[in-house]
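Below, each structure is written out as structure tokens.
Presented sequentially are two complexes of chain A, the first with chain B as partner and the second with chain C.
Right after this comes the complex of A and B.
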């Protein structure tokens, strides 16, 4: 019948309209709606939509105890793999050009991510062999410029492992389980190296303690 | 007495639609030549959103192209990922894990729901039904996007499917959530159809508008719902049986006339079939096997070490818009020597003028809407 289709459509629209009000449950059921089905938007920024645990935005660097103790060793794998090439890393080196170490590993002097270029793809996280970089879920990063304001430097990117555990508990637990044996191994290796260094230090006091080739080798072994 | 004189021969008017026009679905431009209000010539102008995807992909590892495929057809990032993953698997002779295959099919079919809800909503928008049907459709789409976010971390730029499986396992409770959404989906479809399918105004605007003859559709290599609306039984899921589609029971809906209404209705029916595939897949999914094969995992972890053997391949899938194909040529290095995307919306668009001739301007907008283009894919 002509016109019936239009009327039916209007009926559906009317029903949906009623659904946007908070009527009693029985009434909504009567017209075939679930409670709250008509209310789908929230008044941001007063109310924020809850997001999934996996939600990713920009990457950040993880440190364990203190910001000095960052996991990143400046191996530059993420820099190479990042599709839009928005990561820039330089390794901390001494005057002679040899990498300096802290906590037995090399570290970046500069680690910049241009978040205006980053496309939040998570490839850097996937390829990092040290679980040093993870995805944040803080999406409120608006600023007044897109030059230096959007170029996040190392200190801005560093966040604690605790914070990571708070935003992504499941992933954090996985990462910890993966890192635990490595940490134990590194500790044992460090203890052995220290014992060896002490032994070596006895006859010749002036031998430098860092730049131990066996140490660097074990780092690489972890990476593969 | 009249002050208006009508010239013997009417003059043609050239009308420029777009590129910044909401009804051209992005930065697409049509130069329509009008006689009165009837279109006598129509020239599409493309390339405003060309981002050099294919050349960029030749400069990076195979895996690094995945986030860029998300941005081809930004409504269906999951199926774009799937197409590339299948092409890479063919090239390197990889197998996907069992659970990985199921997750992929689930994601691809959810993407079909997302795309078809969006496109039918937008089609109605083009007809002047501002907002209402579109927002009902988007409300439903949002629920599926929440599923995508829970699994992959992103609503639209998922970057989730990898050669050999998927990037990460589904989080806990995801399958139940998905089941609930899929179960409720037919109710939405019924309502959506009640709103639209029998609506007299919509029927008047779409029946016998923009008819695409079957012969022309085949000759112009149109694929997807547009081809099936003309009555051709061609669905790559059935033809190629890629992934694990041969394990599910589903039908391929077809139209008869090939007008805008058929294209709309084929999409509605396709959603119903997708729901049925989803129900089967969600019931059958196997918890025991890993979400990605060990080889796939190694590739995802170290993309630069992945060097497929020399050769070339063409991997294709039935994306919601049609045949999405990736042509890859490998020279044995870790970057593709040649990378080409066969974008369904681009090829479906080639036929636009033939469908629009003789119709009014307002119909051209509706016809364009029924083609279902996304400019990210057209221009690449």
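Right after this comes the complex of A and C.
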């Protein structure tokens, strides 16, 4: 009948209104009506909305055990691939210009990301062959300036792999699975190197004469 | 005792003064109370509206400034005061400044005759109803002044719409009040409230129709949704106040909110029994309020303790007394304000022709029928009269709805297409 649509509409708004209160919700349930959507917004600084695991915001650098032991080797692939060109990397070198190594790897002396330019596209993460850079989900990076305040340096960007595992468990598991064989290999290589070094440290009179020809022979045999 | 607390306070204070000063002081007190109360009412109406509309839209509404956002109106007022006051180039400066004042003063004057409680009408004019209708319609001049003086297209269009709308809706509004005057035989608002001590007029057939028509025309007269054509923000930027900024803009809003409050208060006075209410003991209300306060999550402990203490003390002091009359008045008025906000939360804006058609083709004939119904009510105070009233009301309603049905075109058949 004419006019009843108006009343029905008013009923809907009233139901939504009542449903935003605790008592109202209880009352609506009591009389068997739909409870409405309740409050759908959150009082932001006090309450934070839960975001999906894949939510991403600005990259960060991953280290394994200590901040010294970073995965990044300063290969500059991400710097070149970055569409808005917000990454700037300098490799650590000694006076002669040769890269210095720590934990058997080269490492960046300077690694800057200007987060006011970064568009959170994740391309740096995709191109990194060492899984050294990953996407963060910390969105509270506001500051009072857009010069040095927004230019995050290496120490600010470094976060542990543990943290990564906490914010993105699924992706962390994938990365770990990918890194595991490499790590095993590196470990084996390190062990071999250590063994070699240990052997090299042994009395060096007879060893070189014994081993070198046999090694070369076996290599050749494998290749042919 | 709480019922007459303010009246007694007033007379005690006046009694302390010398004889010569008393009439002057009495006037000044009334002016002071209205001038102080009105901005307060307006400020908290904005808060109320924002909160309620937010809840209807599943939001929380203002809650940053103060507990439950209670300091928000103060922050808004301060912001408005500090804003730049811009007068457009080529605008009529005097008119542009004068218009918000011309809008505000009648809105304040409306408060002069409202009976806020038992013995609490600032002035008992014997032509109170006529006075409110006359003063209430001055607002349309102000709106047109403001719109015209801005020398801008949107304000002029908004202002023209306002004048057309207010003139149209005043007629059903005034004719709806006529029924009350017919039945009570008085134009004094105080006497009208006293005449409702048995039955509120809204419970009679003519009063029911009259109350709805009066309230709807009132909503239209103060330009609130769904009748907010004058400021239709999606069409006219801001309507008549497009070119206003700073405190002048705030004055427009103040006038609008005070007028809406006055419309609600008038509806309450004329049809909903004014300050009359069922004799519920005050301590029942106090108990309910105490429970609500105790359950409130965000209220600080100090406020809780003080509020509960005050309520308990009040109910002990006034044990056995009914809920005070002024509380009834404000509760009813704010409930009607809630209905206004509820309208705003529910309905989209009407089209101009729908708006005019509603006033002239539906409300006006219905008010005329309503006058007949009220006449029968007075002439035949019996069951037969009541039944006749109900029958006339229903029949006229059905007929009017049928007549107002938009023309539906016949379904076209395409002979050659088949």
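Rule of thumb we're sticking to: the second predicted complex is superposed on the first by the 167 of 224 C-alpha atoms of A that agree within 3 Å, B and C clash if a C-alpha of one lies under 4 Å from a C-alpha of the other, contacts with A are read in each partner's own complex, and residues count from 1 in each chain.
FYI, a residue touches a chain if its C-beta (ideal position, glycine included) is under 8 Å from a C-beta of that chain, and two chains touch if they have at least 3 such contacts.
Note that the structure is predicted; figures quoted are calculated from it, not measured.
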Partner chain in contact with A:20 - chain B first, chain C second, else both or neither: second
Of chain C and chain B, partner touching more chain A residues: B
Touching partner for A:40 - first (chain B), second (chain C), both, neither: both
Touching partner for A:53 - first (chain B), second (chain C), both, neither: first
Which superposed partner A:6 touches (first chain B, second chain C, both, neither): both
First, second, both or neither for A:127, with chain B first and chain C second: first
Common interface positions of chain A, toward chain B and toward chain C: 2-3, 6, 9, 12-13, 16, 40
Residues on chain A engaged by chain C in the complex (per definition of touch): 2-3, 6, 9-10, 12-14, 16-17, 20-21, 23, 36-41, 43
Contact footprint of chain B on chain A as seen in their complex: 2-6, 8-9, 12-13, 16, 40, 51-56, 80-81, 83, 119-123, 126-127, 129, 135, 170
Sites on chain C touched by chain A in the complex: 52, 55-60, 63, 295, 342-343, 345-347, 401, 405
Residue numbers on chain B that touch chain A, as the complex places them: 60-61, 63-68, 70-71, 132, 136, 139, 142, 146, 149-154, 157, 159, 167-168, 171-172, 191, 194-203, 300-304
